[in-house]
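In order of appearance the chains are A, B, C and D, and numbering begins at 1 in each one.
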Amino acid sequence: MVPAQWYLLLAAAVFCIGVFGVLTRSNALMFLMSVELMLNAANINFVAFSLQWGNVTGQTFGLFTMAIAAAEVAIGIGIILVLYRNFRDTDVTSATTMRW
Amino acid sequence: MNPWIAIGALAVMGVGIPLGMMAVSAILRPSVPEQGKSAIYESGEIPTGTTRIRFNIQYYMVALLFVIFDIETVLIFPWTVIYRSALESGVGLGKVLFPMLLFIGILTMPLVWAWRNGAVEWVKSPRATSRKVEGES
Amino acid sequence: MSLPSVTATLLQSGGALPEWTALAPTLALALTALALLLVDSISPETKNNALLAGTTAVGSFVSLAFSGWYLAAGTGQSGTGGEIVLYGEALVVDGMYLFFSAIFASVAAMVAIASYDYLAGKEYQGEFYALTMLAATGMTLMASANSLASAFVALELASLPSYALVAFLKKNKGSVEAGLKYFLIGALSSAIFVFGISLVYAVTGSLLFSDVAEALGETELVGVAGVGVLMIAGGFAFKTASVPFHFWAPEAYEGAPAPISGFLSSASKAAGFAVAFRVFVEAFSLSAIPEGINWVILFQILAVVTMTLGNFAAATQDTVKRMLAYSSIGQAGYVLIGLAALAGGASSQNGDVMGAAMAHLFVYGFMNTGAFLFIALTEHWGIGRTFEDFNGLASKAPMACAAMALFMFSLAGLPVGGGFFSKYFLFANAVFAGFWWLAALGAINSALSLFYYSRVVKAMWIEDATSEFEIRSKPVGLYAGIMIAAVGTFLLLPAFGPIIETAQTAASALFGA
Amino acid sequence: MAAFDYAPVIVLLPFLSFLVAIGTAIFARGKNVLPKGGALPGIVAMAGALLLSIWMFVTVEAQGAYDQTLYTWASGPGEGTFTLTFGVLVDQLSAMMLVIVTLVSLLVHVFSLGYMNDEDETGLPRYYAGLGLFSASMLGFVVADNLLMAFMFFELVGLCSWLLIGFWFREPGPPSAAKKAFLVTRFGDYFFLIGVVAVFATFGTSQFSPIGGMEAFPVLAEEALTGSAEGINTFGFDAATWFNIVGLLVLGGVVGKSAQFPLHTWLPDAMEGPTPVSALIHAATMVAAGVFLVARMYGFYALIPTTLAIIAFIGGFTALFAATMGVVKREIKQVLAYSTISQYGYMMLALGGGGYVAATFHLMTHAFFKALLFLGAGSVIIAMHHNENMWDMGGLKERMPVTYYTFLSGSLALAGIFPFAGFWSKDEVLYETLVHGLGGSPLLLAAYAMGLLAVFFTGFYTFRMVLLTFHGEPRSETARNPHGVRWNVKGPLVVLGVLAATAGFANLVPVEKLTGANVDFLHDWLYHGPETLNGEHYSTLLHDVAGYTAADFSVLISAAVSLGMALAGVGLAWMLYNDPSPEEHTAKLGAVKDLWYHNYYQDEFQVWLAETGGLGIARGSDKFDQGVVDGVVNGVSSVSLFSGSRVKRVQTGVVSNYAALLTLGVVVLMVALGLYGGWFL
């Protein structure tokens, strides 16, 4: 069996890639995808440690995460859609009417 | 035996087979360069524009409806796995079946709502009456 | 309530009602949401605002009534056999759940009543109310979550409708921008939150609070667990708009429809605190957690930075709504004292401090919602957003302006409303618990807050109108919402005793005292 | 106790007239709604109050005193808290004072018809409103049954004096005089206020006499000094020392209101007000309030001989000091003003010297003859077309006989000539001081000496005034053809003239000594008060606690000496000024004349004191306030606003930056907590 810390490292790496995407991408969809990556990093942990601990809590929770991620994306795309209609752009940095 | 050997073998096979096929075909086939061969295959249509085209937003609604069923399936799956064994171990039918019926019932409600609000109607022109077409969730 | 009555023992624990009825406050809200969806499915084009708002308000009041009844009857409280655990320990009903449910339901009711006018003539009314109710359902579930899984699901159930609600005004750039920012920061935060959960799961192998606490006590992976705890705290910090997860708040509150701003800054914030209180006291309890994971210090930092940043930024705002948004961040800083002024071991002060924080949230639910509803009223009238635009408003609408002055002074902690006592008890209990410096910082920040709160009152009551504006109508719903909030704020001054008593009893029960 | 149920009405009647007059002044401006400009409601109210007061007086005689709490406006829960009440205390002292105040006030109202209405003054409703409120405040003060209530009405009296002295506010003098009166008395009241707080802090009550569940502070103080004190907080001082401090603090208010040295300077300036107001202020209300307060709480002062000696010394000194200044004045009202200061000095002397009855007696007789003198002066002033300079008068005797004879009666009383009222009371004041001084208090003897010397000056300046005003040849055209006065001026003068001649018969102590007849009525009256508020109790206290003993000394010798001094003064005045065209003899006094003429440079000295000391302190405080306090406040606020404006720049509006800052925040927290908790080991 693969030692647990490797899963942790893998998940951390995926999570960091997600964070990197969040920080560098200004396209709203890419932002969303990066967040999905972060969620999936969590899922890796859940599934891996579900196996590790021998219970299905983690796996079930992974399913929940996926469901919620899907719902999140549904809402997100809706918001991005109205963003495009109002600002003619899907660039998250374009909407800066409110600040300070 | 190290369990990684199997994974390594799988990886070698996975990469080796396509590479091998391409190599073999490159060796065997005659080389006759022609413009039509390097064009993108579009079932006979002449390709225009780039790959980055916009899809009609109404696909979004379809995608969302798909998500509903997708999630439904995902969440029903563990239930199906334990359904029979739960029944066999003596848990009553009401306790096993009813929660899932409730869940599906709750999920049905938004589906009906989306249907009634026109999520599945395909509007010809997106500029024409677009009311209540792309309502969220 | 510490008084067990005869009916109390007979409700759920005595078998008069099935156990699941203990969740009635949540169920009432959820059923209201489904009913609203049903109405909207039957006639999608309906603009029957009165029906929709009425249904929402009635549902909220029913939920509030259940909470009040159960609180009085002692459901889930020590007098009647302690907390009621449901659904494989995923949910729990105790005094704290009922207390917070009462906050959510009353805020939701006020928002619904006020939205009757605010939404007049707008599209998608059914969806608006349904989403509000869904979010409220999520909030009550947050207060009852007993496992990290249900906490996460409940948190998302509260968050996702909120995103849509903030961006509800689809043609309004501000609303859309606010929704986008709220959503993006929310998505990022929930990713961090769920990753934190996964790390804690990795260390403990369970998501149930009690099991987590047990396993954390024996773990050697302090680092992983610590990072997990920190990330989970981040998720709550997002919900409560605490630094550094607060960035969404000023924009979201400013851009959102004003009733939603009130809903989010009062109820949603309270929900964040509700789940944070339970998670940190039960799952990461100070008595069980390894030495290295000192989350009290974390919350001390958060409290200080949050209240300072919120108040300082609020002091320099030009628009009233954004000022309120920042002040709401500052208020979150005060409530964080409820987590920051805790001491290890079984100190009886812990329950008192946290109870005071809960009581502050209760009062805050009225006064802050009321303030945002007043903003909704001004938006309804179409007068501007800056302080100058409010000049001389009192001569046109004295009732509403008097209520607004009450909210402002109560928020600042002057003895005109319940805000005085709640803040006083919060700081006093922090001092009793030995954290006088937190209380002192809070008091200094309160003094600063008086400056910007009184600016609003000054503009309305003292300044002369600079521009001519006409008040076309006196909308009944908005006025009713504001007056409910005002009466609540005012009555909580004399009636603060039972509130703080209930809150402190509920909090002490959480600490197992 | 039906009669006493109407006691509050005495206060409310003048207040009602105030409301009527002020209502007219506000709502019917310029319209002559009230006949006589509001005088009639005032006269009716005061007449009613007088009748009620007499009823009270008779009832007190028949049934004894009355003390009732009317309204509790603040009460603490449980032990150790204060209960603040309004109550009415009608005992022998206050019943007598009620009659005096209402009588004088009534006469002043009537006189005002002549002095104000007949002279076509404007703003009459305001004037009568002021008189009504003034009377109401004083009456409220008189019936107050606790020190705090007394203080409130004491302050109201001060406010009214400000309103009335500054009645002619369009002229330059009156507003400044009003301001001065208000500020100087306020200065004293400041100490009084601290005294009230000290009384509360010490005793937990400020009742004058025990009532219901509340104890009285003089009684508590007595118990403290006689050894059975409980629950008295003396702030670490010896009880006697602390009581002296409290007594002196309250005395501050007395000195200010009763115009005793060094806070007497406001009173001569207050002559800028209408003359009837001066009569009211000096005879019955404001100035009397100070002395009355000491008499009211004499049960407390009788316990502290040090303060008593100070009171006596201040009184004796003020009596002499003011009398000397009266000698050189040119204006008739100025002479009267200094005589007022001087006479109140006598009352203080009596109080300090252990003569409670004597002081009360002099308060009564003085109220009559000083009201008379002021009203007489007012009559003269009407006749002289508001010229007050005595050197422009002369020969008015023939032209206004009623005024002359009544004024003469008052003057004889003031000078202390047998058998006018002032003789009896002043004699008793001096006698009491003398016997207690001989009984072992040398300080009292010094005060007595000053008081005795002042008798001479009093006789002199009084008759200088009479001679210059009424005798000799007219020295100006107006004096030859004076403006006539009507019944409304003459009536009050006659009433008071008779009283000035006869009021002394209320307490004929020397006669009693001579004949053995029981004719010291006032003495008997005041000795039959409530248990802790009567003269007998006070003399016991004085003897037992304060250690005052009365030496055996003949009252006749004392009376003869003071009468001789008075006659000497009168004789000197007669010698110098009984001339058809008298000359100013003041030049003979040399440098002393300037000193007296400038009132010992007290005004200048106090202004200098205020400018050097006060202004210095004020400047320092201002610097501190502007620099340190404001600086800190402004600094904090500008630092807050500046840092606020910086802090909010973090909110750039770009959501990617938010994400970056959020991540940064999490990383920083992670590193900090990780290093702190050792996660990375």
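In the analysis below, a residue touches a chain if its C-beta (ideal position, glycine included) is under 8 Å from a C-beta of that chain, and two chains touch if they have at least 3 such contacts.
Just so it is clear, the structure is predicted and the values come from calculations on it, not from any experiment.
Chain-level centrality, scored on Cα centres against the all-protein Cα centre, points to C. Counting C-beta pairs in contact across C-D and across B-C shows that the higher total falls to C-D.
A separation of 100 Å divides the Cα centre of chain B from that of chain D. Computed from the mean C-alpha positions, the centre of chain C lies at a distance of 63 Å from the centre of chain D.
Averaged C-alpha coordinates put the centre of chain B at 39 Å from the centre of chain C. Between chain A and chain C the centroid-to-centroid distance comes to 26 Å (mean Cα coordinates, whole Å). Taken residue by residue, chain A touches two or more other chains at 22, 60, 71, 75, 78-79, 92, 95-99, whereas all remaining positions touch fewer.
Chain C has residues 160, 164, 180-181, 184, 188, 192, 250-251 in contact with two or more other chains. Those residues of chain D in touch with two or more other chains are numbered 648, 651, 653, 655, 659. Chain contacts in this assembly follow no simple pattern; the graph is neither a line, a ring, a star nor complete.
Listed by label, the pairs of touching chains are A-B, A-C, A-D, B-C, C-D. Residues of chain C that touch chain A in their complex: 149, 152-153, 156, 160, 163-164, 167, 170-171, 173-174, 176-181, 183-184, 187-188, 190-192, 194-195, 197-199, 201-202, 205-207, 224, 250-251, 254-255, 322. For chain A in complex with chain D, the residues that touch the partner chain are 19, 22-23, 26, 92-93, 95-100. Against chain B, in their complex, chain C makes its touches with residues 34, 37-38, 40-42, 44, 123-124, 127, 160, 164. Per the touch definition, chain A reaches chain B in the complex via residues 1-2, 56, 59-60, 63, 66-67, 70-71, 73-75, 77-79, 81. Residues 3, 57, 60, 64, 67, 70-71, 74-75, 77-78, 134-137 of chain B touch chain A in their complex.
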